[in-house]
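Before I ask anything, here is the structure I am working with.
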Amino acid sequence: MDDPHAILLITCPDGPGLVANVAGFVYDHHGNIVHSDQHSDLDSRRFYMRIEWQLDGFALDRSEIAGAFGEVAQPFDMAWSLHFTDERSRMGVLVSRADHCLWDVLLRHRAGEFHAEVPVVVSNHPDLEPVAAHFGVDFHHVPNSKDTRAASEAAMVRILEEHRVDLVVLARYMQILTGDFVSRYRNRVINVHHSFLPAFVGARPYHQAHQRGVKIIGATSHYVIADLDQGPIIEQVIRRTSHRDSVRDLVRKGRDLEKAALARAVSLHLQHRILVVGNKTVVFD
Amino acid sequence: MDDPHAILLITCPDGPGLVANVAGFVYDHHGNIVHSDQHSDLDSRRFYMRIEWQLDGFALDRSEIAGAFGEVAQPFDMAWSLHFTDERSRMGVLVSRADHCLWDVLLRHRAGEFHAEVPVVVSNHPDLEPVAAHFGVDFHHVPNSKDTRAASEAAMVRILEEHRVDLVVLARYMQILTGDFVSRYRNRVINVHHSFLPAFVGARPYHQAHQRGVKIIGATSHYVIADLDQGPIIEQVIRRTSHRDSVRDLVRKGRDLEKAALARAVSLHLQHRILVVGNKTVVFD
Amino acid sequence: MDDPHAILLITCPDGPGLVANVAGFVYDHHGNIVHSDQHSDLDSRRFYMRIEWQLDGFALDRSEIAGAFGEVAQPFDMAWSLHFTDERSRMGVLVSRADHCLWDVLLRHRAGEFHAEVPVVVSNHPDLEPVAAHFGVDFHHVPNSKDTRAASEAAMVRILEEHRVDLVVLARYMQILTGDFVSRYRNRVINVHHSFLPAFVGARPYHQAHQRGVKIIGATSHYVIADLDQGPIIEQVIRRTSHRDSVRDLVRKGRDLEKAALARAVSLHLQHRILVVGNKTVVFD
Amino acid sequence: MDDPHAILLITCPDGPGLVANVAGFVYDHHGNIVHSDQHSDLDSRRFYMRIEWQLDGFALDRSEIAGAFGEVAQPFDMAWSLHFTDERSRMGVLVSRADHCLWDVLLRHRAGEFHAEVPVVVSNHPDLEPVAAHFGVDFHHVPNSKDTRAASEAAMVRILEEHRVDLVVLARYMQILTGDFVSRYRNRVINVHHSFLPAFVGARPYHQAHQRGVKIIGATSHYVIADLDQGPIIEQVIRRTSHRDSVRDLVRKGRDLEKAALARAVSLHLQHRILVVGNKTVVFD
């Protein structure tokens, strides 16, 4: 097992001394920085930074770090979050009937690609219970529809909270989530949309793509906000298509794109490589 | 120089005997087929074919081929066009101020990539006259704007007709063409739009892309129809982008995409590899 | 279920009348061609063709087709094979310890992507027995090493023959197959090598790639011949890498490439879209 | 014009305090960091960093910076270089007969993509003199061959030195450079090889690729070392190919790859984004 690291994600108005103060904070407490990546947007005058250091030999106990760094951050008006690589996130996966993204997520998890626990799968259909069972993951069937939205989401939240879920992954979950649900898990719900957003929002994007005659199809993973398919984009992947491809072929090719876009987004999130800024992401990769 | 070939592009309702009759026509007159590619869309019950054969030893004089093939085509209700590889298309290029696509088109032409003549460049600005001059190509400055549209297009058509242009290439021409102009050159006006259509139609697509925070940008070449950016897509190319890219970076990266998407579309058109079907293309590549 | 089609894969010296005679054969017996794709290599004077037609309404019984077509083929010295889309190939999968390609193959199979049966998995390690069991596929553990090669392969052949396997898929099988084995399944053993061949043949290609500092890594699927990693290439896929990627990162990224390269090759083979010509492939896609 | 920035490229053994000391150096003299990117290779225990800050308001005169930073660097055993964004590199371009890379480099230069002067083009053939002339760039014809190598290179060095060239770009220069020449311009000679290295080193890589039947071709830009095609790789780009592509088609497709791989490498070099480490590059992009 790797030795534990601490990670800070930081954004604030740009100005002198930001990198020096952050790096100085780590150094003053005898931390060894292993990665640091910083970007200042010269147009918006905004500062973004991700910094990761080894906890071994660090002079502060991890319970003291947030307090101490808060004093560094305050004068610069920093928005920041602190993470530890040995504290694993807890992922809840929401699915409907399509199983390819669920299999992909759970197999990658088992292969050690995701630094997380996956304690629970929730679905509006009972079909994928055996998949969850294969991996020993709890499965809950919570029917959901336009009419039962409020009660369904309440039940889902209860389940997610029981399992102390802090990241909700929509692995082709085919129901709309309300603003209430979304704001409860702000920047912690990741969806994959089966198109190259902003092209083909909404229903049946492969049919739309076939209709329009595009030569490339795509999939997009993004954080979910109240507006459908409008959230901050995390990752996009594409593949060429041709007139020989029927809608069925696009659906088949698209499954691989959906798996890839979702897996990369989840992985980036779990490694604390994503800053959400307005309706966009800064991805430190 | 290669020996001349004949090419037929064909579409009609699907049914038995189509390939056999077309190939039989070539064979009966002692032609040697070098490429044939056929696709039947099982959903729309539509047949598409491109067939290319050597004229050397072919029993029909090239002036007789259309008449003879018309008899084959008629009972099947074929829409078809006949081309000869030693008859070069005549390309007119429309430009505004940006020079990268014009340089790219003219350099590729000189390198022998385009099987065509390029007799004329027309622009609504005088700036690019020296580029045309470098290649010995006629240059005409025809100011164009919303208010002068009809007169400007009349002047442009006159110039294009004088140069017997049969393919109009919009190499970043920043004026809208009217339905009149477009229908005169139906499926013979190729534009490049600097986005991954149907995302970001209209003005300033790189600004739109930056605003939306996409992780991939693209360019799309298409035949022009009266509806802006809605014509049949021929080719799309993409490149990854990140939060580090300003709009200016997207513009710079995008220039390469625009050149590639446009050049490939022009090349496919000149090789008679594109069938337009409704608002889509069948590309035999 | 789709109606059954017949497929012919054909290669012979180029010359006039080939397409006409093949298409004429189908038409004369009232077949409806749904796809035909033909290419003549003008340098080698070689002809390649794939043709697919609906059996519904075809005048010949399927048992009569080979005999009848043989008479068409003979004067042109055609090498050809005949396939029917409702006759499913039988795939045997060889694996070692890595499970990602096996899961991928079996999940795609269950999703209906492969037109085949998968009756048996054979491995030189016992580890992946539960994966096969999950899909109800027979699993055989046949230890294999340099010293036991002959006996091991004899045992494997016995198992493959018992299950009437006609396509052997090496899903990261980490043993070398002898020329004897390979020639028994000529052009019917598909391997995936975890590099962009011909770069990094042999052992530990990700270590080699890391050592060389390449900016793109790849995976290659190919038919196996007696010479290691030298067989006809079917498909190659790639992904960008950077100095931030350790060998472990390359291995992780590479798993996705291996899955994709192998799955596409298997799918192309099962759809009878591959002609092997010398040490290269013609892929009708 | 943008305000001037300073850039430090640094590598040294990894250890605590590196980022803090470097960022502290900038901060202590009132510099505002706009980009900083740092990576520690945990396997080799090596530290890499690129840091860029605004000179406006910086307390040190630029002539004092190197001396002052040297004191920071010394205890950490840093290898480092200092650059200023308003000091433009001077590029010399070496060419033979193929003109596409030369046009591409000079057009990009004129479009403002390269932060450099291009005072001179040298060629072992007279053919491309008019291209240089079009851009008002000095052109020198220096015949070169195996037998005249020493005298030719001496003449070339004289020309490059007269033009105070500090970056030599081989835009398809088809002669081998000696170790003497290369060591004089260590890590300052960029070549583009028309294959996906390490595949197909040496002569006629497109013929080799065609022979091997690869499904993807590529181009590679790299710093030149004495061993042919073995230098540190900077960038690689690829494109799909098929059995339909003759060697001539590969050559044509490859020209676009060569232009892209070379242009990106030159651009990265001129922005001081490349650290050479052993025989590999760290690219801060």
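Think of it as A, B, C and D in the order they're written, each chain with its own count starting at 1.
Heads up, the rule we're going with is that a contact is a pair of C-beta atoms (placed from the backbone, for glycine too) under 8 Å apart; a residue touches a chain by one contact, two chains touch by 3 or more.
Predicted model only: the values in this text are computed from it and were never measured.
S.K.: Which chains make contact with subunit C and with subunit D at once?
M.R.: A chain counts here if it touches both subunit C and subunit D, which gives A, B.
S.K.: How big is the rotation, 0 to 180°, that puts the C-alpha atoms of subunit A on those of subunit B, in steps of 5?
M.R.: Here the rotation carrying subunit A onto subunit B measures out at 180 degrees.
S.K.: If you average the CA coordinates per chain, which chain's centre is most distant from that of subunit B?
M.R.: Taking each chain's C-alpha mean as its centre, the farthest from subunit B is A.
S.K.: List the centre-to-centre spacing of subunit A and subunit B in whole Å, with centres computed as mean CA coordinates.
M.R.: 41
S.K.: Roughly how far is subunit B from subunit D, going centre to centre by Cα mean, in whole Å?
M.R.: 36
S.K.: Pull out every residue in subunit D that's touching 2 or more other chains.
M.R.: 39, 42, 244
S.K.: Quick check on the complex: what are the subunit B residues that touch subunit C?
M.R.: Within the complex, subunit B touches subunit C at residues 14-24, 26-28, 30-40, 42, 51, 57.
S.K.: Touching subunit C in the complex: which residues of subunit D?
M.R.: These residues of subunit D touch subunit C: 39, 41-43, 48, 196-200, 212-216, 218, 232-236, 238, 242-244, 246, 279-283.
S.K.: Write out the stretch or stretches of subunit B touching subunit D in their complex.
M.R.: Counting only subunit B, the residues touching subunit D are 99-100, 103, 107, 111, 113, 134, 244, 252, 255-256, 260, 285.
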